[in-house]
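Same chain, two partners: chain A is paired with chain B first, then with chain C.
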Partner chain A sequence: MRMSDEFTLKISGTPKPEGESVYLGNAAMAGEHPSSASAPVYLGKTPEGAEPVAEPSPAVLASAAEMPEEEAPVAEPAAAEAVYSAAETEGGAPEGAPDKKKKEKTPLSKMEKKILWKDRFNRYKAWLYLLPALVILAVFTVWPIINTLRIAFLENYSGLASIGGETFAVGFRNFENVVHFPSFLTCLGNTMLLTVITVPISTMLALLIAVGLNSIKFLRRIFQTIFFLPYVTNAIAIGMVFMAMFNMIMVSPTVPPHSYGLINTIIRAFGGKEINWVNAGSSYWANMAVLIIYIVWNALPFKILVLLGGLQSVNKQYYEAARVDGASRFRIFWRITVPLLSPMIAYVVITGFIGGFKEYTSIVGIFGETMGPAGADGRLNTMVGLIYDSLEDDFMGMASAASLILFLIIFAVTMVNLYVSKKKVHY
Partner chain B sequence: MEEDRIEIIPAEESSEEVRAEAPAEADEIKAEKGMKAKDIRAVSRKQLALKILGQAGLYLFLTVMAFIVLFPFYWMLISSVKSVEEYNLLTPTVWPKQFVWSNYAKVFSASETGIDLGRMFLNTVYVGIVSTILSLIVTVLSAFAFARLEFRGKNILFAALLATMMIPGELFTITNFITVVNVLDWRNTFAAIIVPFLVSVFYIYLLRQNFLQIPNELYLAAKVDGTSDLKYLWKVMIPLAAPTLISITILKMMGAWNSYIWPRLVNPNDSYQLITVGLRDLASALSSNPANPNFPVQMAAVVLVTIPLLLVFIFFRKYIMHGVSRSGIKG
Partner chain C sequence: MKVVLEHLTKIFPSRNKKDKNAEVIAVNDFNLEIPDGKLIGLLGPSGCGKSTTLFMISGLQAPTGGKIYFGDDDVTKLAPENRGIGLVFQNYALYPHMTVQQNILFPLQNLKGENRLSKEEMLNRANEVAKLVQIDEYMNRKPSELSGGQQQRVAIARALVKMPRVLLLDEPLSNLDARLRLQTREEIRRIQRDTGITTIFVTHDQEEAMSISDFIVVMKLGVIMQTGKPQWVYDDPANLFVAKFLGAPPINMFTGKVQDGVLYLGEEGVLEVPGVEDQEVFVGIRPEGFISNPEGRLSCKVTGIDVMGRDISVVSKHENSINPLVRSIISADEIKNVSGEIARFDLKPHKVFLFHKDTEARIHFGDQIAAHEEMVAAMAAEGQGYVVHEGPLPREQDDKEKENRASEQPKGPFAKLKSRLGKKNKPAAAEAPAAPEASAEAPAEKAEDAPVPEERDGETK
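Let's look at the complex of A and B:
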């Protein structure tokens, strides 16, 4: 009881519980509460409910205060009954007001005290249920928000040194460092590029597939399952498969490969020339192409799922009307499906942008921790990669500043998206 | 485990795909019948041919896309049983000439690859189970408090929790890294990868919504009968919310299976490492020599990591889609 009291005060900052007389008033009012009002019915049927009231000892009182949940209800009917009768006498007798004053003066009986404890326990029991979640959230969610903001403005911050009691100058140095960091523009550029390219492609493809799925009946469930498969995979694992498919096995970029790999064999089968996609000496755009294909492949299932769900809740009458009017398929798609689906489209675009700005593991899956093909380490690094690199190098301040910059970018892009969708989305 | 903390919850339930299916079909048949009755002569042969062509094109498009989606899985499976020599042929074969099952044994031999993947596999199972159980307990308790109990500041607290979902997870990582490594000194422990991700606001939200759908009368009736809150929770709420709990369990397990960044960051020691990190290390180790990489063993490892996920998906498809469609989170 005590503990939960203190905890509540700390967390919510509510004033300390008022005097006990106030509690009595509350308890009397609680008579209107359906659960306690119906309790006497139960009492009438089973007299055992009143049992604990018969011999309230200090020990029982104490245990009632810290009562585990299993014991609680035993006392409840009794408490409710007392409350009930109190409410009745109060309402029934015209001289209720002076009676109440008199009551407050007389010392509380043990039973009344017990009711008070019980009532108080019920008020704070919710906090007991929330305790584990709130403790973990406080340490690993709320504190990080505050602390990251703090250390972003502390120059040359180091976690270990701060435990040692060192203090740090306050300023914008970390943000300057991030912006002037040699790979910052690379990371920002890669992130932006991947997002701006992959989100429209995957959304369009997902829309086409969803519309297609929605207009067939035969084999539909199988197709649906297949299109969802990439979602339940491991980004690193399938990244390795894409790497294997695009990879050529060769000693050096200048010597012809001794294995073309799958994709290049297909290209050669159509009469093309092999492309160095991911190996040493590959071009930036070849790398990007592989990443875009992989990210789109990975992003499709979620978008299809959401869009198909949206399509199925579209009123079929619109389509019937359009068909009767002889509208073409394309026109139906453009004039009916897209507008009616626009909230869902806005949703997948916004989540796509958010996910795109946090791109990291898919690149690690294909190119590994070096974030680039052999000989061009870090060429494909992203903002999230920059944060983790700074973190590993113990540049905590810089990592914090970078993560705040990322957050602001995501926030701004989301706001723009929401603004645009407010204008365009047809609800 | 690594959860993307930004999620926007769609206003509508998009997951219940089954719902609209049956009436839609009926409607369409009715519409077609109506049209036929109206102007049967208008539906000329040309139009019919166009319609069939359209359907064929549609199926062709879907089949091609499905082929593209499935192909990496196929390539991973057949590559995993090829011999290194066959894989390294100038032109790759589409079907293995000879099945080399020993690739799978090599995945687990630490002497061969330098990475104790078996150990990491067990670690991942352990972390997945422990974190799921603890997370379920915490989530159920808090969702119950938010759904059924009255206390001062409830709505404000709940809104504040939901607001934290807006913030990208990377922002938490830095301070959590300091907390776990410098303050708590948990480097190379399982606690370091379990505890920070125990509470997900999204799961609390999901479960609370489900709890709210259970009529309050049940709770009051249970109270009248003298049932304690915990017993009520266990006997009534949890069975009724089982689908959501299963969704959470699966997503949580998948989270442990797929988590990469955080475990790699806090647990440099391989004895406490999870499978995905091991997988990436294995890939780096086996392709360190660009002239002679060992892709078949890599692919065997990929298969071993992917198959459990696919199995879970096949058996719990409904629950995964239920959770996913509302969150956009992966794991």
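Let's look at the complex of A and C:
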């Protein structure tokens, strides 16, 4: 036996830690391991007891795996036979393990190899399962991120031809260009404004709707479906519908318009004066209002889904206790529901901020690629829009720099969010 | 505050509204008067409707029929917050995001109008009640940072802080380990004595109920079986169910017959039972009702002896025993009397209970008649009516029903498990060849309405 005394001691001295066992369900096989021949793995049970009480400690298995196969020690035959008979008398063995029985009857050296092979496989199989995902992630996520970092410090980089100078040759000039770009402040301002306004509004609305949905039974399914529809509809299509609804067709600003979209028709029906929401000559805040309505409406389904899920997992007994304690509905909502939902709310707010900073499709959907109503191109541009613009103009360096700036902004805001939620959220 | 329950009934409709048979009668015509300032234990096996009764008193569940009075006020239709009750839930339902102090303050902060206290008063009240339940050191901790017993006390503090008229406890000790349970039940007893609040508490643990209650109410399938002081109920059970439910180790049940004023177990006449007509009976003998005597009239085959220090417990077999084993507790000094395979006993007459073979109602004999009348008089003096279930017990129908259901529906994912559980739960007496044909046929129609206990358990909670 090449087994060192240390291992023997370890086996006999260690009471079996159940959670550590590597060979789950392979106890019989593990029991045949040579190292177990000298160690009392079967705790006080005769081989007829069949069930191996203990399994060899992981350290032993690891040592077996490290041993070169040809040098693997041969087990003492008596002990091996005992295990065999134990395995054979195990009449009630589960039918689902026929190959396990086969293995037990093969000669020991093969057995040994199989254990070694199996051990290696077990240790690395997680990576094997992950491999396809890892490859795809590496190619389509990791490399582009690294490349963005590189390109941000390159000059005259052309995406298709991969022409570029030396990295860091231009230093931070791309970043300077972005910051000094004429529409940079407009884009940054629009992005910030939309995010800061829409996230709280949509979160609060979603919370109210989720609580409402949770407390009704009648028509609940139908309402759920209606609220979730935006989630499954294409953003550009919705944008075009919004444009049509807020539309107002004019020949010229001096002649009264001759056709109205749905919203203005409603306003007129109530005796109000129609508003130029999205057409030429519309005001910035009218545009913003349409965008905010669109974004809030579009953000609701996901938030309702998450919050409703959270609500349904809240123990109903808290509400019963609060009722017995005489809390009003409002206080129950404020003191019980909101705190208990706070993890979900934090999640929804954080993802909402991240999504808000990436706002782009809604504007394209309603106002087209010009990012603004006719005559005011680019007035509603956002950070992502800026990145696209730079790409179209083949300023890859600038686009990368703008992406990194956006990333840093999102990162900082998320950090603030996490910091606040750590203080306020009850997990 | 006196609490009166009149004809209280709760029926849970079946999920399938057309199927009337599946509706569950959780509480069936429940009449009870709870005297002011007493601690009452509602006791019964799970699914007997005790929690439902409690929730109806709290107002969280509306009764199907009947009335609830607190003192002279009819509170049947009142919302829970207006009843002036404190409720402690089985798993405490402490608000996890609030500290102990905030939890205790919460009911006070909900008070409105005249009842609204100033902040200082609230804090004083909270501190006072925290001292009472001895958790004042932990005021700034969250519930998750407390042990089970401490959480329990916080829950009691939260229930007590608004000075309820009635305190309701739903299985308050079932989530605690054995040692804490002992400690906490003394604590509950002490708090109840200190505050003098009428307290109703629900448990399935007979030992728990017997040790701290002023009165216990033994329930089965929504029906009161017997009420009374714990010792009285133990000493004078009204029927077979109560006798079997109370007592640890459980009572020994036999089939026997009475002939010429003598009780026979098999061939042996074991006890004089004057005043009982000749008939077949069920016989219950408390384990402590045996006197070891080499010339005793009852002989059992000994299978083992457990020594428990002061006492010894003789485990033996008897052919007329309904349980597989007969357990008799005798003083350790008498161990010399038990030798060889046959143990002989005499019986203590007041520890032997006879039950009618069909109705399972108690048959008093000899001195028991006088003792029983004395007890009824004593109860009346305490202002507590002697309530006892009369008429046939719901059990036989249920067992029939259960068997029917089991044989009708062998399918379903948990069918095997359910049938196995059903067998385990079945009272031993039902297995005896004694199921009376006549009474089983008469309530056959009723039996269709009878609920299945397992289902009910889920519904009441």
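Just so it is clear, the second predicted complex is superposed on the first by the 276 of 427 C-alpha atoms of A that agree within 3 Å, B and C clash if a C-alpha of one lies under 4 Å from a C-alpha of the other, contacts with A are read in each partner's own complex, and residues count from 1 in each chain.
Simple rule for what comes next: a contact is a pair of C-beta atoms (placed from the backbone, for glycine too) under 8 Å apart; a residue touches a chain by one contact, two chains touch by 3 or more.
The structure displayed is predicted, hence computed values, not measured ones.
When both complexes are overlaid on chain A, the residue A:260 reaches chain B alone and has no touch with chain C. Contact with neither chain B nor chain C is seen for A:109 once the two complexes are overlaid on the shared chain. By the touch criterion defined above, A:323 lies against chain B and chain C together after alignment on the C-alpha atoms of chain A. In the superposition on chain A, A:283 makes contact with neither chain B nor chain C.
In the superposed model, A:335 lies in contact with chain C only, and not with chain B.
Within chain A, the residues touching chain B in one complex and chain C in the other are 320, 323-324.
On chain B, the positions that touch chain A within their shared complex are 4, 6-8, 10-17, 19-21, 24-25, 27-28, 31, 35, 54-55, 58-59, 61-62, 65-66, 68-70, 72-73, 75-76, 79, 87-92, 137-139, 141-142, 144-146, 149-154, 157, 161, 164, 166-179, 181-183, 195-199, 201, 204, 220, 223-231, 254, 257-258, 260-261, 265, 276, 279-280, 283-284, 290-293, 295, 298-299, 301-302, 305-306, 309-310, 312-313, 317, 320-321, 324-325, 328, 330. Every residue of chain C that touches chain A in the complex is listed here, in rising order: 58-60, 79-82, 85-87, 89, 91, 93, 95-98, 106-107, 109-111, 158, 162.
Remark: chain A residues 315, 317-318, 320-328, 331, 335-336, 339-340, 342, 426 touch chain C in the complex.
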